[in-house]
Structures are given as C-alpha cells and as structure tokens.
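Chain IDs A, B and C follow the sequence of writing; residue 1 opens each chain.
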Amino acid sequence: MSAPTATTTVRRFDPRAELGLIVTPVVLGAVFLAYWGWLGGQDLSSQAESALTTTNLVRQTGEQLSITALSTIGVLLIAIPLGIALTRPRGKRFAGPALAVANAGQAVPAYGLLVLMLAILGGVFGRANDNILQNTLGVWLGPGLVITVISLILFAILPVLRNTMVGLTQVDQDVIEAGLGMGMTRREVLLRIELPLAVPVMLAGVRTALVINVGMATLAFLIGGGGLGVTIRSGIQLSQNLVVLTGGVLTALLALGIDWIGGVAERLLRPKGI
Amino acid sequence: MDGVRSLIGFIADNTSGILERTIEHATIVLGVMLVATVFSVVLGIAVQNRGLAKQVSLGTAGVLLTIPSLALFAIFIPLVGIGNRPAQIALFLYAILPILRNTVAGLDAVDPAIVEAAQGMGMGQFQQLVRVRIPLAWPVIIAGVRVSTQLITGVAAIAVLVGGGGLGAYIQRGLTSLGNPFSIERVWTGTLFIILLALVLDAVLGAIGRRTTSPGIR
Amino acid sequence: MSETTSTPQVGAAGMVSDRDPTDAPVMIHLDGVEKVYTPGAAPAVEKLTLDVHKGEILVLVGPSGCGKSTTLRLINRMIEPTAGRIIFDDEDVTDIDANELRRRIGYVIQRIGLFPHQTIAENIGTVPRLLGWDAERTRKRSDELLDLVGLEPGIYRDRYPKELSGGQAQRVGVARALAADPPVMLMDEPFGAVDPITRDRLQNEFLRLQAEVQKTIVFVTHDIDEAVKMGDRIAILRERSVVAQLDTPARILSYPVDDFVDDFIGSGSTLKGLHFERVSGLAIPEYPVVRRDTPREEARRILDMSDFRWLLMLDERGRPARWLNETHLADTSRPLHEVGPVVRAVVERNATLHDALEAMITSSAGQAVIVHRDGTYVGVVQIELLTEVIGRMRREARKHYEDLEATQTTDTP
C-alpha cells in the first residue's frame, strides 16, 4: 500500500485516533526495550537463565502468534457466514436461540473448556500423556496446538457471531428497502449494502476475537500447546519471580500489539464514509 | 450416558468439597466485585464530565482488559507472592472496564433537559447526582456490574494456577490426573459449577437491578 | 380609549387586557446584566436593563440566536452574568446562593425534563422536598396542583412520566414549577414541542391559570403569534439580546419602531392588532331594524330613508333573525319573515374586533351583528368602522412614542 498523502490522511482518519495508532507501537516498543534493559541488569539465577533464553522466548512467542492467527482465521471463516445465514429470512428463526447460546457462553471458563477439549479430543489427535504439564515445558506438541486452536475457535466464535448479527440487523431497514426498490436482488442488497454497512461492527468483533485468542493462547501450555504461558508456569513452579514477570510482561505486550494490529485493520478496512 | 451418571455420582460423593470450593470461588468473586463496583462507579462519576480524564481512564481500563488474564495474574506475583492475592488484584483490574464504561455511558445518556430541570429547580451538584443522575443511569450501571461478574467468575478459574483457590482446583486436579479415574468428572464439575455460579450471580444481580430500578424507567 | 369601561379581564381568547402592566410594582429588575463568554469577544447578552412587573407576562421574542434564552437563564443564574445586578423583589440576588434563588423561581423548559424515575406526584414535590416541607403538605400540594392544571389527582398522582402524552407532560411541568408557589416563573419555549392544536389549548389553559395565580412570568418564544397571544408586554430582541422594542402587543403591532421589528412581526400585524380592541369599545352608529311583524310597506320606507343597503329583522324576542334588501322586499311570494338570508354570524359585545371581522366576512350582508349575552340585538358593525379603529390605534401608538421621545429628550441633560 502506498503511503497516503497528508490530505487523504486527514480526510480518512480522525486525527486523535490516528495519533493513538502511531503512539501505541512506539510506547509498546519503548516498554519492551526498557524492560529488556532492566532485566539485563538483574542478577539471574541459573534456573532463570535457562528459562529465559532468547530461543525459548522467541519460539514461545511464535507459538502464541500462530495459535492466535489460526484460531482467528478459523473464527472468521465460521462466524461470519453463520452470522449472515442467521440474519437471512430463512435463518432468522434460529437467531434468537443462537444469540441466547452466545450470551450464555460468556460464563464458560476458558480453563475448563481447554481441558475438556483436551480430554475429549485427546484421543483423536494424539495420545494424551500422563504427565502433560512437564512434557510441555519447552516441548512442541502438535496435537496440543490443534486442540488449542479448536478450543479457541469455540470460545471466540460467540462474540464475532454476535457482532456480525448485530451489525447486520442494525442496518437501516429504509436503506435496504431503497436498495430493493431500485431493483437490486436480495443478494446484491447483502453484498453492496448490508455487508459494507455492517463492516465496522464486524471488524470490532474480529478485534475482540483477536484479543480473546491471544489471551487464551496464554493458557495453551496447559494442554501442551506451548506459548508464553510456558514461561509464566515454569516461573511459578520454580519460584522465580523474574521469570514469571518476564512471561507476564511479554504476554501483555504481545496482546497489546495484537490489539493494535486489530485497531489498524479496523481503520484500514472500514468503508469510507462510515 | 455412563459419563453423565458417573459425573452425578462424583458430585453426590463430593458435595461438601464442591460446596466449599464454590463458596471459596463466590467469595473471591463477590469481594472483588464489591471493591471494583464502588471504585469504578466513583471513578466513572468523577471522570464523566472531564473529557481527557474520561479518555485516559477508559483507555487504561481497556488496556487492562486486553492483557491476557494469566499474564496479569503473573505480573502481580513478584509484588504480592502467590495465592489468592495476585488473582484478586488482577480480577479487580479486569472488572473495572465494563462497570466504568457503563457508568459513564449511563450518565452520558441522561437527558440534558432533565439535568437542566433539576438544576433549574435549585438542586445542587450532589443532589442532582444522587436524586436524578445516578437513579437514571442505574440500570446501565447494573448491566455493567453483571457483565463484569460473569467475566471474572470465569476468569477466576485460573486463580488456582497462581496458587489461589476456587472451583478451578477441580479443573486442575482433573487435568493433572487425566487418564485416572474421575479425572474428567473433576473437570466437568469445576466447569459446570463455575457456569452455574455465574448464572446464579447474574440472576441475583438481575433481581437486585429490577428491585432498585424505578418502574418509571423500566 | 373606550367609553364603555368593562371590568378588566382576560377575554375569551385571552387576548384583551385593559390594565397597564407597568402600573404594578417591579418584581425583577435587571440592571446592566451582561454575559461575555470569551473575554474580548462580542457579548452573548449586551448590557441589558429590563423591568418585569408583578403579575405580568413579559415575553422575550426574537430570531434564533438573539440570546433570548440566555437572557432568561441569566435571571435564575443558570448562566452566571459577567456584569450587572439582578434585583429580585427589591433584594439583590446577584451573589446569593444560586440554588437557593432557583427554589424561589419556577422554571419550565421546552423539553420539560420530568424525572422519568419518579411518579408525577414526586416530580411535582421536587422543590417542596428541597425546601424541607413534610410529606403530608407536599402530597396535598401536588394534588392541588394536579387539579389546577386539569389532571385528576386520583388518576395521575402515581403514574410515571412515560405514561403521559406530550400535553399532559407539559401540564405536569407547569405544575412542578408552581409547586412551592414561587412568585416568579421563567418559561423557555414551554409549548414549543407540542402539536399546534395542543399548543393552542395549553396556551389558553395557561392564560386561565395565570388569571388565577397571578405570577410574574418571563416567557421566551421565537413565535411572534405566541408572543402576541401570551404577552402582557413583549420585548422584541435583536442579536446580543438588545431590546428593539418593548411594549404591549397592541402597540407593537400598531407601531413597529423600526424595520427590524416590522420584519419580525411580519405581514398581517394589522389583523393581529384587531385582537386587542373590543367591540364594546366602539361607537356603534344607528342601524335600520324591523320587527317580525313590521308591515312590508313600513320596512321599505325605513330602508329608503336610511343610508344602508340592508335591513335587519329581529325576531319576537329581539334577536337578529334575517337580512333584508330591496330584492327581498319586492318578493311578495312569501311572508317577509321567510325571505332574506338568516343571520348566522353574531358577536357578543366583549368579543374582539378580530372576531367581528370574521363575522363580517362570513355574513351575507358583509357586516357583523353585535348582540348582548342573551342574544338580543345591540347594533351592527361595518368594515369602515374597523378601518377607523385601525387608524386610531396607529395614531395613538405613534403619539405614545412621540410623547416618550419628548420626555426622554427633556430628561436628558
């Protein structure tokens, strides 16, 4: 994408939101460098040294990112078509129950869901080891990742589904009438009017999904999915506060960075004039 | 079917333990919610009319909610050690945004004509707040409290990962003993009772909300 | 002005009042009150000096953005003036506690602002509660006020605002403003948000109410017709709330002091002015009448001797019955009392000239028959008479302003 000129920038973006989008990565980067510098000056125990190797942290970050990306893509592929289907005349009668389930789903604890999925799907994707927690310390387990992604999709589908439905149903009925009145087919109305108008709300749902997924990915270590949760967990087990803190800070920065990307996507993909 | 029967059997055999963990879980949630509600409502009232302060506090609360729960728990361990304490602090920070946002939104939504009428009749700032603005914003504030309660009831499940208590203990025991007898039952028990607790708390808050909302704005 | 002096009263349409509002003592005195939002910039309200007299409705009217609402809000200090004094019943209230001041001033705004979470009775009891009245007294008062504004207390007391229509809500708004019996009411476009029919009814009700409660009222509107209808006096404001003309509606309509006022009151001001003169104030000339039993020849003789083209026939009880002209008198096919158009439009003596004009236009004879309250004949009014009255009103108003100018010239050293 070419760099927008000053005038188009002003026209497209609210200057304050624009400022936030520029400032956020700078602040996150600065916090990261400051923390890294501070950590370098600390006297680390040998246990902490071995937990906090760059290789470990980079790999865990990679795992967390891939879990987040995969599950978000999965969520979008399922939730958006489903949301559209549930707002079409034929799907409408399922909309109420679906929203009720989506709302009730808020109370499901992520921890419980992950472990249940592991128990249920463990046999399908690989033999669950007797001692998974120890095995996950630094070991990449394929089945863990798959199960984690499936759990995360289940968990994050609800908010995106809800947003898609809300976004579509709140499109002004008059606009739809106008579209039909001009001779558009139902399909054209959906593609040219309803979806573009619903995009902002749907994008908000996507951002929510990203945030939920990156957070849930922190718990992936519990079922062998890796991620930065591994560092937090080993820090707690080894009573190494610096390791816990490092895991926490890196996870927080990663999540805020992902949220920032979501924010940027929200601005760039939003149709002009909305 | 067998699974359900063995789950019911497990629950029946462990009633007192489950009850204890449930009460423990509820105590964590309610304690956090009490503090978070008072804090967020007062903060919301304080910042509602101040543009910058409002942006900053909503922004900060939003950032806190963006941070993964386990990471937030972890960050407080070096400060307060392991146990319920880091969990409570993190849950408190988590609970702020929905209540704060709704308090601000609820107060924002009060018709300016109503506030003008109140002022025009000689109500002072405090009277306007207590007699008019808060009662009118109340349903929205309560809705925020309900959202926060649901949220942290679920998140409190991982308190056990940082050495805290609550129903998450059943999930953890189940996970560490996966493959052994009753492991999956433990996980179901923990999960279901957390959902149940969330639904009960939500229903109670809903009832309180209805009771304390004027019929004129229902 | 008129040789028949009827008792001062608000007329049927609430438009005629014989008293001079400025005879009453001053209730609110604004002394050089000014509002400047940004120092150095043009003031929103430029040094305004204005008296509001006890028991009058003073209407502030002007185009949007002229600062009329701001001026109103300066009085109860919803907006704090940046200069000048506000004297309230001989007490300087510029610096007293604003909330204390507001509890002594009823305040009604266009959007009413009823508290949706409180019942109607609670809404009305707001200021009494602030003033520390006990529950019993507050309850009694709110019932009394509901009665006063025409809402059955038994039905409405415990309802919530959402159950009211726009007109009912506005009545409750007025009742709430009257709750602690404040001597002064400020009303900011109080009837602006209701439909025209309801507005008209609310205006009439309010004028009846005012005749009873006799409050000192400052009333803001952008609608000159409403101003003319509601105001004992009208202040026409131009931008920065500068008073362009301040006078009774009749005089403003008869004699707009400048082009701004003339433009603002718009066309039809002469017609509007007819609202302010009553039929009873006219010198009604002799008019030829006949009785039901008057012989045809006698009737023809009376018509021939008069300067008029129509005869008026009265029925046996002395009430106007039919109009008769040459043609009708020549028509011998039927008895005289069965020919000629029936008199339909009659006006009572205390009706306004506007009513009389309306009767004239609808009458087949082009003239209005004036009757006593019991329907018996008084006289007939013709268009020429109205033309004369309009001319006289203009002359009087002009003279008033010339006299005023003369005294001002002599007053100024």
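Simple rule for what comes next: a contact is a pair of C-beta atoms (placed from the backbone, for glycine too) under 8 Å apart; a residue touches a chain by one contact, two chains touch by 3 or more.
Note that the structure is a prediction, hence the values are computed from the model and not measured.
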| item | value |
| --- | --- |
| Chain contact topology (line, ring, star, complete or other) | line |
| Pair of chains joined by the greatest number of C-beta pairs in contact | A-B |
| Chain occupying the most central position, where position means C-alpha average | B |
| Approximate Å spacing (C-alpha centroids) for the pair subunit B, subunit C | 60 |
| Chain centre separation (subunit A, subunit C; CA means) in Å | 67 |
| Centre-to-centre distance between subunit B and subunit A (centres being mean Cα positions), rounded to whole Å | 22 |
| Where subunit C touches two or more other chains at once, by residue number | none |
| Junction residues of subunit A, two or more chains touched | none |
| Complex contacts: residues of subunit A adjacent to subunit B | 104, 106-113, 115-116, 118-119, 122, 128, 130, 132-133, 211, 214-219, 222-223, 228-229, 232-233, 235-236, 241-242, 244-245, 247-249, 251-252, 255-256, 259 |
| Subunit B - residues contacting subunit C, complex | 111, 113-124, 127, 132, 135-136, 213-217 |
| Complex interface listing, subunit C residues touching subunit B | 76, 78, 98-103, 107, 109-119, 126-127, 130, 160-162, 173, 176-177, 186 |
| Residues of subunit B defined as touching subunit A within the complex | 63, 66-75, 77-78, 82, 150-151, 153-158, 161-163, 168, 171, 174-176, 178-179, 183-184, 187-188, 190-191, 194-195, 198-199, 202 |
